[in-house]
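Below, each structure is written out as structure tokens.
Both complexes below contain subunit A, partnered by subunit B and then by subunit C.
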Partner chain A sequence: MADAALFEFLHTEMVAELWAHHSDPGPGGQKMSLSVLEGMGFRVGQALGERLPQETLAFREELDVLKFLCKDLWVAVFQKQMDSLRTNHQGTYVLQDNSFPLLIRMASGLQYLEEAPKFLAFTCGLLRGTLSTLGIKSLVTASVASLPTCKFQVVIQKT
Partner chain B sequence: MVHTSLDVVDEKISAMGKALVDQRELYLGLLYPTEDYKVYGYVTNSKVKFVMVVDSSNTALRDNEIRSMFRKLHNSYTDVMCNPFYNPGDRIQSRAFDSMVTSMMIQVC
Partner chain C sequence: MSRPVLRRPEYHKINKDLFVLTYGALVAQLCKDYEKDEDVNKYLDKMGYGIGTRLVEDFLARSCVRRCHSYSEITDIIAQVAFKMYLGITPSVTCNNSSRTEFSLILDKNPLVEFVEELPAGRSSLCYCNLLCGIIRGALEMVHLAADVTFLQDRLKGDRVTEIGITFLKKLDEKKCRRRK
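On to the complex of A and B.
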């Protein structure tokens, strides 16, 4: 599908661009680039959070919003649904994708494990941005045990 | 008056809770018996509330016309959100949005 490839290429270039002009290759500079990526994803997520649910009925509870993320948001951006959603019913959700499209072209297994976080930062921001438009403050982190499977952990911030 | 209607909107939202929920909430609220205004409310999934105040002497406005006006408002608001120069939470300064709203009001009057 042409559309999916366009976003993948753009995303890969974004990551490459941020890392190419590293004035500070140490952990400080890395964090800067990761938060830039996350910020970009956040703004995109905010806009998507407004546009995507336009025709759907109102969400009755938090779980509905998370299900919306796993189904509609993931399908809109990655043309597939999230593979699993787990929760501890106390504000923490773990979303697992067994073949994450942004990682699937890289490797299968443990190769490039250290590079993986760079490619997940944007998506973490995307999730956080969409949640924020829908009225949920959260903290999203990602972890990879072996490519291309990755888990996104969403922790709801109660104010 | 708009602030009072916002309170009513909040009441309605919390009442909707478990019941069958329709995203679009259309209601007629005669807030003060002396003033003849009709107030309509509409809530989006992102908790954005649109309030429309209509003069009661304009009896030509029908239910589905109000619904379509709200739909147009929602679409324009979504476009404003997607504008990269717009920061969510700021006052809306988009000329496209303003001209859409003005043309809608002119159509009705």
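On to the complex of A and C.
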């Protein structure tokens, strides 16, 4: 879908631009840039969460919310479902996407592994933001072992 | 779940919203980073340029546009095919000079500002949609056309319409104008 392409192009440009702008020579610079992208993703995720169909807001269980993210939200945003969802039933969930669209354009395998986190920060924020609108506070991180497969780890924060 | 998730209309809207919301977050971030409106505008244009240089390939792959023989044909394609394809709107085109190198795209509706009521306080010179100018400029340059693209009118600034001006800077190469006999 053309709309999706536009988002992907914008995302790629944002990663490049925000990175160049916020980069410091030291390791602090990298953290700042990732958190800027994550923060933007969070705000967008919150706003998207507010636009979800009403019935999605009536989840009974935490696991249902995560399933919703893996199926409905992922399809709405990335035109595909998450490939797997695992949990320890104690508030930690691992969502795995075997061909994450924002990583697809990069080479597959181990090349560019170092760059991958920049392309995941926004989406981590997006997940955290949507969860926030659904009433769940969380910490979301992502890891890549081999492109374009990535895992999003969601840890629910108990208040 | 048994319902056909992929075809729900709400999700189509979410997909459209994603770009618009992300763009809004980007503008907000740039406003935090830069005090002057001109700097934000410049950055949006620069980012748009980067996007445009890559978007044009995507566009050519999705559409079947034939080779153009005039600037006015090109502008028509930008308005009627490209804008329609990516933003779902069709701006109207007007030609502003007799040598047919200056055109305007008049946007009646602008999806980018769907969630924006007015410019932020103290940001009266912000060209909120400046990314679009950069995209058009970058895309044209990839097909060897130099052009100046700016906002001539902006509804967010109180104008009646939103108008993007495209001024082609170099004449098309003579060879490209040869018609098939």
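Here are some notes:
The rule we apply is simple: the second predicted complex is superposed on the first by the 153 of 159 C-alpha atoms of A that agree within 3 Å, B and C clash if a C-alpha of one lies under 4 Å from a C-alpha of the other, contacts with A are read in each partner's own complex, and residues count from 1 in each chain.
Keep in mind that, in the parts below, a residue touches a chain if its C-beta (ideal position, glycine included) is under 8 Å from a C-beta of that chain, and two chains touch if they have at least 3 such contacts.
None of the values given here were measured: they were computed from a predicted structure.
Legend: residue contacts after superposition of the two complexes on their common chain; A:Ala4 is shown touching subunit C, with no touch to subunit B. In the superposition on chain A, A:Thr133 makes contact with subunit B only, while subunit C stays out of contact range.
When the two complexes are overlaid, the chain among subunit B and subunit C that reaches more residues of subunit A is C. Of the two partner chains, subunit C is the only one touched by A:Val77; subunit B is not. Shared contact residues of subunit A with subunit B and subunit C: 43, 47, 51, 53.
Here subunit C touches subunit A in the complex through residues 1, 5-6, 8, 10-11, 13-19, 21-23, 25-26, 28-29, 33, 43, 46-47, 50-51, 54-55, 58, 62, 85-88, 115, 131, going by the rule given at the top.
Residues 43, 46-47, 49-51, 53-54, 56-60, 133-135 of subunit A are the ones touching subunit B in the complex. Residues of subunit B that touch subunit A in their complex: 16-18, 21-23, 43-47, 74-75, 77-78, 81-82, 84, 88. Contacts from subunit A toward subunit C in the complex involve residues 1-7, 9-14, 16-18, 21, 36, 40, 43-44, 47-48, 51-53, 71-72, 75-77, 79, 81, 122.
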